[in-house]
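To keep things simple, chains are lettered A, B and C as they appear, and every chain counts its residues starting from 1.
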Amino acid sequence: MARRLAGKVAIVTGAGSGIGRAASELFAAEGAKVMCADINEAGVKETAAKIGSAARARKTDVTQPDQVEQLVAEAVKAFGKLDVMYANAGIGEAGNAIDLTIEQWNRMIAINLTSVWLSSKYALPEMIKAGGGSIINQSSTAGLIGIPGIVHYSAAKTAVVGMTRQIAVEYGPKKIRVNAICPSTIPTPLVTTVWEMKAKAAGTTWSVEEHEKNTSEKYPLRRLGRLSDCANLALFLASDESSWITGYAVPLDGGLTAS
Amino acid sequence: MAGRLNRKVAIVTGAGSGIGRAAATLFAAEGAKVMCADLNESGVSETVSRIGASAIAARVDVTVPAEVERMVASTVKAFGKLDVMYANAGIGEAGNAIDLTFEQWNRMIAINLTSVWLSSKYALPEMLKAGGGSIINQSSLAGLVGIGGIAHYSAAKAGVIGLTRQVAVEYGPKKVRCNAICPGTIFTPLVETVWSKGGGVAGGGADMEETKKRSALRYPMGRLGELADCANLALFLASDESSWITGYAVPLDGGMSAA
Amino acid sequence: MAGRLNGKVAIVTGAASGIGRASAELFAAEGAKVMCADINGALVEEVAAGINAKSAGAALPLTVDVGQPAGIERMVADTVKAFGKLNVLYANAGIGDAATAESLTIEGWNRMIAINLTSVWLSCKYALPHMIAAGGGSIVNQSSLAGLIGVPSLPHYAAAKAGVIGLTRQIAVEYGPKGIRANAICPGTIYTPLVATVWERRGVGYGASPGASLAEQKKQAGMGNPIQRMGEVEDCANLALFLASDESGWITGTAMPLDGGRSAG
């Protein structure tokens, strides 16, 4: 077996479902010990249970500094060190620049941007102790290009890219790498819930397959993303195979942003 | 008179000094009526008294939605409409990802990112009424590339770019353009503050002249930026000369980001 | 007169029509002396005559094939001889073509690279010493939206235009210390004679339905960007003017999209 993360300790936030769960499972399968964090306690416990002894679960609100601090402390206590932080937790929400409320704005910034900084803030000292590490921040296609209807999401996700570069430049000399993943549409529960809500509101029937078919046309690769696409990229960035790649926002989008 | 902004109405935030004052002055010289807004009341009164009858002053805290709303309303009341919003107000502050406090982070996001969205939120309806407009958002070289010592600043400034692209894509069909300016180091009072505390490309420090020289050498053009550089670019973006340019984050950096 | 290029000497290649013509006219209107160069000698003479009718002595026509190095060297030398110096180079001359990566021939590839990329480097090569002697200058290189993102049927065009961006950044970084700025313009679809030729060869305009009228084709081509219109030659001339003038004195090494926001979304 490849064991591409043999001997590594990773934290994955948003590990209770979707991309976070898929990444946690893959990291563990490749030999890592994984601390799985999510605000959804049942979900994250299930992720850890599926993985087995290589994983722990912890209910965490990543917008709270003390909770992120404790998350890192517990991972180090359980597994001895920290090598990888996959700051994947986040929310989606629609909103245009005019109608958005300040409350919606602040909530999006807190969950999709501030939490990503907090994850780095507390992970970095441990990685420095360990002599290096890899931080992976979840951004989005919306962090690279403009998309109608998601103004606060776009601001937050683009800010993640900026911060990724900054931390990469500053902590590179300490052998810490920081990269961002910018996925386009991957049908996760978070995403399909939105599709379902929209279809209900419009009074139409729908299916994931049909929605996929209709939206695939704009992708050069003619398909939406899969959980495994994102997990594989996160694995590559987490492992030593990418040890000269840092400060980059990787588009994971079937060629969308190249076109 | 040249009149490149003839009959246009503009708001410039952060107009009490530095870049904002230079831009407001140039806009007025090119025929615009200008609302000069700043938290610093005496500074912005000074700007207006230098410009003359084409300008009015307002004390505005751009982080407060009601104050931004009132700023736009006052402008429209005084000058009849709104064509240009130059969301330039912002702060600088040094701080690395580890040592930043939660309070420092939130303050930076509020002033350098949230306020930019608020400026668009309240300007857009007026521009839609006017049949179009030009929004210019102040970002930074730090929004494009990683620079040591300014983690929260970088996140906010990159967020501004994401916001800019998103608004451009969403409101382009309504003839509202939105671009960002990404200056490298223009030696203003704000920059001096950041450098005296150790931030910036050259690492800051006590000897300001030495720091300036060292910083200038890092730019292919061999010099720091000047207020006129930024004011000229803002003028171009505000005017109809750039009416097919939108969604772009223009590097104003003596070639730094090209290297 | 506004005079944003007062006292400057500029070369504009591809000046006989479209973007080049609009730019040459605008530069002259803003006080520059302009060497108008194009492979179409008769047409570029008309353009220069039109400029001189408004501002006597502002323009000189020159027949140049930018695919030939000797022609470019002579173009720069003639400009400096006639006007005394060189401050601005707008390397705008270029061709369009339609082919897929598979159908493209080696001849088609080489021709595109020679005219759209090599000629840009050559124009810079001969312009730079004079600009350095003058204490500084501004180079504006014509790239394309296709240099930034992938667009159908233009593999050689994309390579050349992206190459122009790389060349531009490199020159900006290397010659910045000598006061030379270099920026690229990346236009989306502007309806010029060049574009008309490409549409004719394709059989139809970008994004349009076969059989549509020209007006309809232009409207449909314009829908692909947030501002929802095609570009006009004035859009490009205005940007070239800004980049040529001292107003953009701290802007260098950029590849500026001029595309109605197409590449932002």
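Just so we're on the same page, contacts are C-beta pairs under 8 Å (C-beta built on N, C-alpha and C of every residue); 3 or more make two chains touch, one makes a residue touch a chain.
Please read all numbers here as calculations on a predicted model, not as lab measurements.
Novice: Going by C-alpha centres, which chain would you call the most central?
Specialist: Centroid comparison flags B as closest.
Novice: Would you say A-C or A-B is joined by more C-beta pairs in contact?
Specialist: Result: the pair with more contacts is A-B.
Novice: Distance between subunit A and subunit B based on Cα centroids, please, to the nearest Å.
Specialist: About 31 Å separates the centre of subunit A from that of subunit B.
Novice: Provide the C-alpha centroid distance between subunit A and subunit C, rounded to the nearest whole angstrom.
Specialist: Here the centre of subunit C sits 42 Å away from the centre of subunit A.
Novice: Which residue numbers or ranges of subunit C touch two or more of the other chains?
Specialist: 226, 261, 263-265
Novice: Of all the residues in subunit B, which ones touch at least 2 other chains?
Specialist: In subunit B, residues 165, 168-171, 247 touch at least two other chains, as defined above.
Novice: Enumerate the residues of subunit A that touch no fewer than two other chains.
Specialist: Where subunit A meets two or more other chains at a single residue, that happens at 145-148.
Novice: For the complex, which residues does subunit C have touching subunit B?
Specialist: 2, 169, 172-177, 179, 181, 188, 225-229, 231-232, 235, 238-239, 241-242, 247-254, 256-261, 263-265
Novice: Give every residue of subunit A touching subunit B within the complex, in rising order.
Specialist: These residues of subunit A touch subunit B: 65, 96-98, 100, 102, 105-106, 109, 113-114, 117-118, 120-121, 124-125, 142-143, 145-152, 154-171, 247.
Novice: Would you pull the subunit A residues touching subunit C in the complex into a rising list?
Specialist: 145-148, 220, 255, 257-259
Novice: Can you list the residues on subunit B that touch subunit A in the complex?
Specialist: Residues in contact with subunit A: 65, 96-98, 100, 102, 105-106, 109, 113-114, 117-118, 120-121, 124-125, 142-143, 145-152, 154-171, 247.
Novice: Using the touch definition from the top, list the residues of subunit C that touch subunit A in their complex.
Specialist: 149-151, 226, 261, 263-265
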